[in-house]
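Take a look at the structures listed below.
Next, two complexes with chain A in common: one pairs it with chain B, the other with chain C.
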Partner chain A sequence: MNAARDAFAGRDAFAGRDAFAGRVRAFLPAMLLAGALAGAWELYADFSGVQQDLLPAPHAVASALWSNGGSVWRNFTVTAEQVLLGLALALACGSALAIAIHLFPLLRRAVYPLAVGSQAVPIPVIGVLLVFWWGFGIFPKLVVIALICFFPIVVSTVDGLAAVDPEQPKLLRTLDASRWQAFRFAELPAALPAALSGARIALAVGVIGAFIAETSTPSSAAYSGLGREIIDNISSGFQTPRAYAATVVLFAFAVACFYALALAERVLVPWHARRRGATA
Partner chain B sequence: MRATRTTPRRRVLAGVCLSLVLALSACGSAQNVVSPPSAKRFTVMLDWFPNADHAPLYAAIAHGYFRAVGLDVEPVVPAETAEPLKLLAAGKVDMAISYEPEVLLARDEGLKVVSIGALVQRPLTSIIALGEQRISSVAQLAGKTVGTAGIPYQTAMLHTTLQHAGVSPARVKEVNVGFNLVPAMLSGKVAATLGGYWNYEAVQLRLMHKHPLVIPVNEAGVPTYDELVLVVRENEARADGQDLRAFMQALTRGEHAVRAAPAAAAKLIVKANPSAEERLQLESIEQTLPAAQPADASDPYGWQEPTAWATFANWMYSHGLLVHNPNGGLPPFTNEFLPGQGI
Partner chain C sequence: MASTGYPPTQPGADPLNLWGNAREGSEVPTELQSRPQPADRRRASGDAPAVAVERVSRTYHGEGGTTVRALADVSLHATGGELLAVVGPSGCGKSTLLELICGLQQPDSGRVACAPAVLMPQRDLLLPWLSALDNAALALRIARVPRARARAQASALFDELGLDGFQQARPHELSGGMRQRVAFARTLLSGKSLLCLDEPFGALDAITRGEMQEWLARTLAAQPRTTRPTASTALSRTVVLVTHDVEEAILLADRVAVLSRRPGRVVAELAVEIAHPRSRTDPEVLALRERALSALGAGEPL
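Showing the complex of A and B:
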């Protein structure tokens, strides 16, 4: 165990020396592709005759982002807070439900169909109800985000818990481990990679979840998130570049969150990250 | 219990303090600093994101007119336009800004709500066509495609305007473009739209040099109505008359402030809604000001014309938009809280 840890630390030290070059190499393909797509977009917007109000060119989006930086930033902090808190709520409820389903098969049969069905409920249908229960603050929005995010967490965690090598808990039980200890030392670590994959999917949908949450519940603040900013801009029909600028920020935020969680995965389950190599 | 018990001596002290405060506030030099001891929280749900139509409300808040009458007014932005009346009826907000047709629909569904004042005195909903469509009258819409926001009473308005111009509604194709009225016109997918406002979408198009043709629905055969109204629950209208009277008084002062300084009012809107464009808001405020005044100058600000309400309600009823006869029971509006009306 110690040897393995040393070997891992050694690898890290080695990676630290040319970490920058490595990181550039890792992100280069994505940056080149994004650059090429932006170039194609710019050419299309400039020369195809499509109106600026329908598809603004990247340079117009960039200048909208620059000139509204303050407003976009304040809306971003609102949205970011909602996404992170909403995801935390989804993680707490989702993993608790997954563990309960794993431990009590009856619950699986009772809850699973409802959990699947919950994904089909259009949020605007219940938006007013959530506000009726919890008012105009942040909580109804967190509930919406959690409702959208919890499903991938539950499914992947339940599958992860079920996929443990059946010999492991059995072995632990013969060593007089309690049910809880078998769960804690065999099933839980085995399920962690799958659970984290579920969390990454949840995070990616959580950003669009925040958009849905902001646009389907009322709010009383001037800065009430990028989703509101986008809807306000496109529904007036004339500030499309500003709507695109806010969208670009949402896009970047989803990417950043995804990779931040991948980093967390390396710390929490290093054995899994190494096995998969540098995919994330 | 002990902490809340008020001894006579304490009551005397409170009385002295109160009279001292009143005496100080009468001095006048520090007028905008002194506010009434306890302002009552009063939530107003807007009909849409903050825009030029709400200028009197934001002006009254910024100038402290509501605080001066003991109200702490907080505006809330809805997610969609049917929400304000629902949340009002559910008791989550104290007042909702909505539209006369929506108030009639809500009452038809049994919601106990009543309009106590008009923020805008006539229809803003208009038929709008871009200049490049070369349309100059409703009659020229025959054989064309018209976009609406998909609201049933807008479809009825379209039919009425077409019939008024001698065109069979069957000859016009109506498409539901949701809230994308302007993009639908810009992309050339529709010849015209019904649902945009002459003081908003039309102003935007004009600022973009699109030379729009704009026909308000009441100039094309639809009976006139109050586009934006202030709505409360019937119970509160019965019990909290004092607050509502105070609200209307402060709002009237807000409207005077907008009239005196439209540019400052536009700045307040942009502050409340950073996505709003100041130039458009100012233009829109200036265009809306005349529509905020009653046709008869002797009527107070906020006046709702009883015959106009009855005529419009009849129009909705005869088009099958309302199930129950709207002019049967209690009226859907009251002018009793307007300055100079009621008691």
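Showing the complex of A and C:
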């Protein structure tokens, strides 16, 4: 009994180490490529004679990141909060709109053109209005991010909801399911993978959305985010290495969020992740 | 639109808008152990046939003015407890016939009056995010049976259907034959007295299909008595089996209706009075097979 349990535990530990090794292997190509690009960048910046203000070398960016760590971190937390809350707002509004469009085809014809058009509105055009309405706090920025993020969520969720096997409604009808039950038992779970795919696209554009939000709606806070930090360092002080340092953080944040969502997908829609055999 | 009878056939004919209209006369499926519905009792006492399809025609109008006549002047009847097989070549309107019986479509002319029917579609349509047990219990969950009780009822059926041990398996982990068994469990647990099976084994390989045919014959022989113990319902489970496999029809059915090529019309009705279990090589089975095939116009030697 004990021996069996030990053997089990041993196998688990082994499986854990294996899983870790597997994960490292999965990320190895990306890390190697990033390292190679950084090396090439370093060589180019050092030996091509390009100006430091135009393209700082990676070591200059690293040292700017190191020496301004405190302020970069505080700005990062501001931006991260905006991105995550903005994405949550976009998910809530986007999936609600998608469900409404799915259930009421009339709404699709009425709302879709407007939703598409809204993606073409340059945010600075409405930035001042948003500040006029909601002030210098976080909310106008969340609205900007949500506005940029909600579209891929709506489109992929609407498609996901409609992708149920056309025979499925007939079956459910003969099982006496109501329209709501057909939605709850079949359409909604079937749409979940597509909705999460939409969320991943939304997240990728959401990070740049935060940059747009910070630069188009002024803030009253002491730390107003990485986007503001980048713009300030580029336009006023020619502190290019500091701008690049903030950009590197944004870059890493987008990658981390993307993989966090992939992980969530594996937990929320295991049947889909397994079928795809996906790692990300 | 001359369709009357019991239960009132449901309005809302087009399949793209299945829930578009208020559904009158839809009944909550009975639980297996509950008392039989009035409809069951009526049929068991012989007041009305389980399936009455009278002179039904159905034509589809496609885009661009094409019309397809699926069914032409089809009449079919089945009494309570009977297993009626409908055989015909591909595209002869068999699926249309089942959808008419299930109330998913309305005939252009003629009359359809059937007991509350449940459809078992050709593809199993199991929901990939549910376990086999929860898939089987779907009808009970739709009828608002609490989850634990629904699972217990489905689990009891799993033993009988040879699915024991597969309760927690996800559909993608099951073989084609097992998936069809789960789909059949889901169909039975709807509590409806009329089962409409649309090519249930059409997608299986020949060996599995043979096994599943034997399994279905056994199950149907045992099913009514074991899950619906009341005397009035013992013989009331009616099955309409649609297939393109003449042998399958003769092995399983009490009566075989042979449908012609499109537009489908009934060209022969054969009573199969052979005791179960039936064998493929039984001379009586072979003789009936010849008769059905010659009715289809395919019986001549090559």
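By definition in this document, the second predicted complex is superposed on the first by the 260 of 280 C-alpha atoms of A that agree within 3 Å, B and C clash if a C-alpha of one lies under 4 Å from a C-alpha of the other, contacts with A are read in each partner's own complex, and residues count from 1 in each chain.
Criterion: a residue touches a chain if its C-beta (ideal position, glycine included) is under 8 Å from a C-beta of that chain, and two chains touch if they have at least 3 such contacts.
What you see is a predicted model, and the numbers here were worked out from it, not measured in a lab.
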| item | value |
| --- | --- |
| Simultaneous placement of chain C and chain B on chain A, clash or fit | fit |
| Centroid geometry (CA): angle chain B/chain A/chain C, rounded to a multiple of 10 degrees | 150 |
| Which of chain B and chain C A:Q181 touches, first, second, both or neither | second |
| Which superposed partner A:W271 touches (first chain B, second chain C, both, neither) | second |
| First (chain B), second (chain C), both or neither touched by A:L54 | first |
| If touched residues of chain A are counted for chain B and for chain C, the larger one | B |
| Which superposed partner A:Y223 touches (first chain B, second chain C, both, neither) | first |
| Partner chain(s) touched by A:I145 [first = chain B, second = chain C, both, neither] | neither |
| First, second, both or neither for A:L196, with chain B first and chain C second | neither |
| Contacts of A:V128 with chain B and chain C, given as first, second, both or neither | first |
| Which superposed partner A:L171 touches (first chain B, second chain C, both, neither) | second |
| Gap in Å between nearest CA atoms once chain C and chain B share a frame through chain A | 48 |
| Contact residues of chain A, present in both the chain B and the chain C interface | none |
| Complex contacts: residues of chain C adjacent to chain A | 15, 18-19, 26-29, 99, 102-104, 117-119, 121-123, 125, 127-129, 138-139, 141-143, 170, 172, 186, 190, 192, 196 |
| List of chain A residues in touch with chain C within their complex | 165-179, 181-182, 185-186, 189, 269, 271-272, 274-275 |
| Residue ranges of chain B touching chain A (in the complex, touch as defined) | 43, 45, 49, 74-80, 83, 86-87, 90, 92, 179-183, 186-187, 200-201, 204, 208, 271-277, 280 |
| In the complex with chain B, residue positions of chain A that touch it | 51, 53-54, 68, 71, 74, 124, 127-128, 131-132, 135-136, 215-220, 222-224, 228-229, 232-239, 242 |
